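Two complexes, one shared chain (chain A), two partners (chain B, chain C).
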Partner chain A sequence: MTFEITLSDEVLALSARRSYIELNARARALQLLDDGTFHELLGPFDRVESPWLPMQGIVTQSDDGCVVAKGKIDGQPAVVIAMEGKFQGGSIGEVCGMKMAEAFRLARLDNEKGIPTRAVLSLESGGVRLQEANMGELVIAEIYAEMVALRKHTPLIVVITGPTGCFGGMSLAAGLASYVVMTRQARLSMNGPEVIELEAGKDEFVAADKPFVWSVNGGAQRFATDFADVLLEDDADAVTQAVTELFRKGQPAQLRTDKYELFIKRLKFLDPAKQWVAEDIRNAWKAVAK
Partner chain B sequence: MTDPLNNRGRKWFEALTGSDGKVEGNPGSLMVAEATLGGEKAVFVGVAPDANARFPRTGHTEVGLEEGWYGTKNLRAVIEADKNGPKRPIITVCDSKSQAYGRREELFGIHVAAAAIIAAYADARAAGHPVIALIVGRCVSGSFLALAGQASRMIAFDDPEVLIHAMYKDAAARITKRSVAELDKLGETIVPMAYDIGSFNKLGGLHKLLKIADPDTPAPASLEQVKATLIEAIADARKSPRNLDARLESDGAKAFRKASLKVRQMMTEQWAAC
Partner chain C sequence: MEILNFEFPSSKVKARRAHVGVVGSGDLEILMEPSVDGETRVTIQTSVAGFVDTWKAVVERFLQQHPEAANIEIHDFGATPGTVALRLQQAVEVSKS
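Up next is the complex of A and B:
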């Protein structure tokens, strides 16, 4: 006796979907680059690892948690930098940070030579690696310098899908991006919930209250308030498609970091004497449009 | 006890410019003034304590939303004004405890406010403005990245109260599940983890570590010493590429950033080969 199971189209589509969140950094870079074009730079076999972690009895990873791959996107030269959230929380140390800064620098040099190389940064990061503290601060400043230089030549796209999310120094990298792509699962904010609660108390922030945390820094809120340009389901092919479409669109009319007049207008509109909820920001954005 | 509203940053800003830095329309925490330095006009920028701060999580020299966005607006105005002429040096006087930690800040996207002022400093440098960070006090975490990180040259006072770091010691201890004593111990052997400015200087990021007779008092002789150092740094920046390579090419980097240099060399080779 056999049973016949009929699945709706919706269920079939879901089961055919491949998760981006579940991909590791290398698989994400492969996913974003055109088939057969992936060429990893300073890969695991080069064994350039953190010199600072072994001194503290911490196991290193041979790519230091950052995969840089050169290849093509939509047939055009591209570089993808993917952070691995599972290694040291995607934290930025000397080697992985320098790999990122160099990828941007080399892409910019190619652009200056007339090779229009685009860049995607797939982020999972808790911020600076405290075990390499000041080295991380210096390297992150160098990453920003190269991002600001590169985005004059080509759109620079940041992808944040989770599970780690994007915090600390790398949240500012997302701030510098031409475009930000997020999922609902992803979070983007400068200070981590635990740190805010620690510094400012539970009246200010309740780190254990997940719905509250996501209402502040989750992908849906970030998209609704224009801190993200695209909101996606967790679908690897959809991420690739979104990135491709953003590159086809070209440079944004105005970079987020150039919108100081608009943000100052919004700052004046909101009353800082009262505590805010996510809805206040959505309303302010509607009230102070352009 | 020193007056928290009259901190080092404010004292040195006022001594260098002869102004309190208040500009119509700017928040009280932002100091911006033009002053003569070495026979030319220079723009000085700083974040000051502000007893009347609008945002409850700021006012103690934090870099918050207003500091980021208004700072950006002021810097963009300088870049625009000098677009077709000589580029005034920009001196960022740094004494800022950190970024602001708050709910309003995160909801409003402090990550973009901070990114915006970083981009403004970086664009100013790339446009030919010598950007000199004068670090007279604390410059920790987000305030380092926002106010000093993009400078063509960084100068710090050689003083125990000067602090550049990723995170304050007590918080770093909690997050890394170590004791403060363990952190101190690690700092003795792992240079980037140390909290003293001498250790930071070893990494090659600073143009100069400056010993000042009394860092809390800008006495005339000290003021002249600081001005002379700024003038020298401006000249040095003007004859160098408009990037941050001076840090990586320093003797400090050769000794302590061997891994950074190796990454640069190998990535450059491998990039060219594919």
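Up next is the complex of A and C:
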């Protein structure tokens, strides 16, 4: 007896695609950089690990969950910083946060020396690492300062694909980027769903309701409401291509952080007494477009 | 968390460097480097205490098949013995590629 299986074009297209979401942080940096140009800074064998986690009985990772790699993108010098979401939820501790801030600083110094260096930040992060809270918060401030300084010289691109998503302090870092690239699977939000439910109750937010959560902070909604610039399928080559095209395009006409007056107007348009759903927010954003 | 240290005599052939895995739930990270003095040293940080005999058995089985002199550092986040064995095997494959 023989079986014949006919696959739809959709399924065939899906199976031909390489997932970006399934790549670990190092593989993501390799994916974004031109072939053969990947050079890792403070890699696993340098063993710059968190000194704080073992004191609290927590296993460390040799790169503290942050991969910093120099190389080239589209033939131009570039640095890629990729967070590993599987290690401690991609949380920002002293070491990995400082790696990130220093990478931005070195890229800025190169730019100031006349070496145009691009920067991509691939984020999977729950925000600051609670076990290193104060150091984490301080280093996040350094990250912001360096991002603001660097984006004067080069577009700074944030890529958020999931599965962890981007929350807390790193969601604000995404806000500072010149461009944000997202997939539908990615989530971007200041407070995570569980945190909102815990603080404001189930009337406000049901963290277990996945369609609801994604409708509020998923990639499609974030793209529709101007928090992301590119919405992609989960395709590794498409991510590389999107990043390359954004660098070719150069600086955006207006940075997201310079659009604060528009965002304030939109927030004023929302009546906080009413329970808003994703569609209402999209409509409000359209109603207040200038 | 528990920290375990094992030492074994090994062959004169030196292992090559490899890094595999991630310190995520049910997984582990392995750093393998050549050892210069003919001893193989295995250092394990594990989030699950009380499995010293299991670790010893998994590591001994691996070293019977791969007696190259190595310093092996393991950061474990609750991987099963099967996952540990596969990651060790992967480290050998990566070191040869």
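Following the convention adopted for this analysis, the second predicted complex is superposed on the first by the 278 of 290 C-alpha atoms of A that agree within 3 Å, B and C clash if a C-alpha of one lies under 4 Å from a C-alpha of the other, contacts with A are read in each partner's own complex, and residues count from 1 in each chain.
The rule is simple: contacts are C-beta pairs under 8 Å (C-beta built on N, C-alpha and C of every residue); 3 or more make two chains touch, one makes a residue touch a chain.
Note that the structure is a prediction, hence the values are computed from the model and not measured.
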Superposition on chain A - do chain B and chain C clash or fit: fit
Touched partner set for A:G175, first chain B, second chain C, both or neither: first
First (chain B), second (chain C), both or neither touched by A:Y144: first
Touching partner for A:N191 - first (chain B), second (chain C), both, neither: first
Partner chain in contact with A:W285 - chain B first, chain C second, else both or neither: neither
Chain B versus chain C as contact partner of A:K70, first or second or both or neither: first
Per-residue touch tally on chain A - higher for chain B or for chain C: B
Contacts of A:N217 with chain B and chain C, given as first, second, both or neither: first
Minimal inter-chain CA distance - chain C and chain B, angstrom: 14
Those residues of chain A which chain B touches in one complex and chain C touches in the other: none
In the complex, chain A residues that touch chain B: 39, 41-42, 46, 48, 50-52, 55-56, 68, 70, 94-95, 98-99, 102-103, 106, 128, 130-142, 144-145, 148-149, 169, 171-176, 188-191, 195-196, 198-200, 204-205, 216-217, 225, 227, 255-261, 263-264, 266-267, 270, 272-273, 275-278, 280-281
Of chain C, residues touching chain A in the complex: 1, 17, 19, 22-25, 27, 29, 31, 33, 45-47, 73, 75-77
Contact footprint of chain C on chain A as seen in their complex: 24, 43-45, 47, 54, 57-62, 65, 84, 86-88
Contacting residues of chain B [partner chain A, same complex]: 54-57, 65-66, 69-70, 72-73, 76, 99, 101-116, 118-120, 122-123, 126, 141-142, 144-145, 149-150, 164-167, 171-172, 174-176, 186, 189-194, 199-200, 203, 205, 243-244, 247-248, 257-260, 262-264, 266-268, 270-271, 274
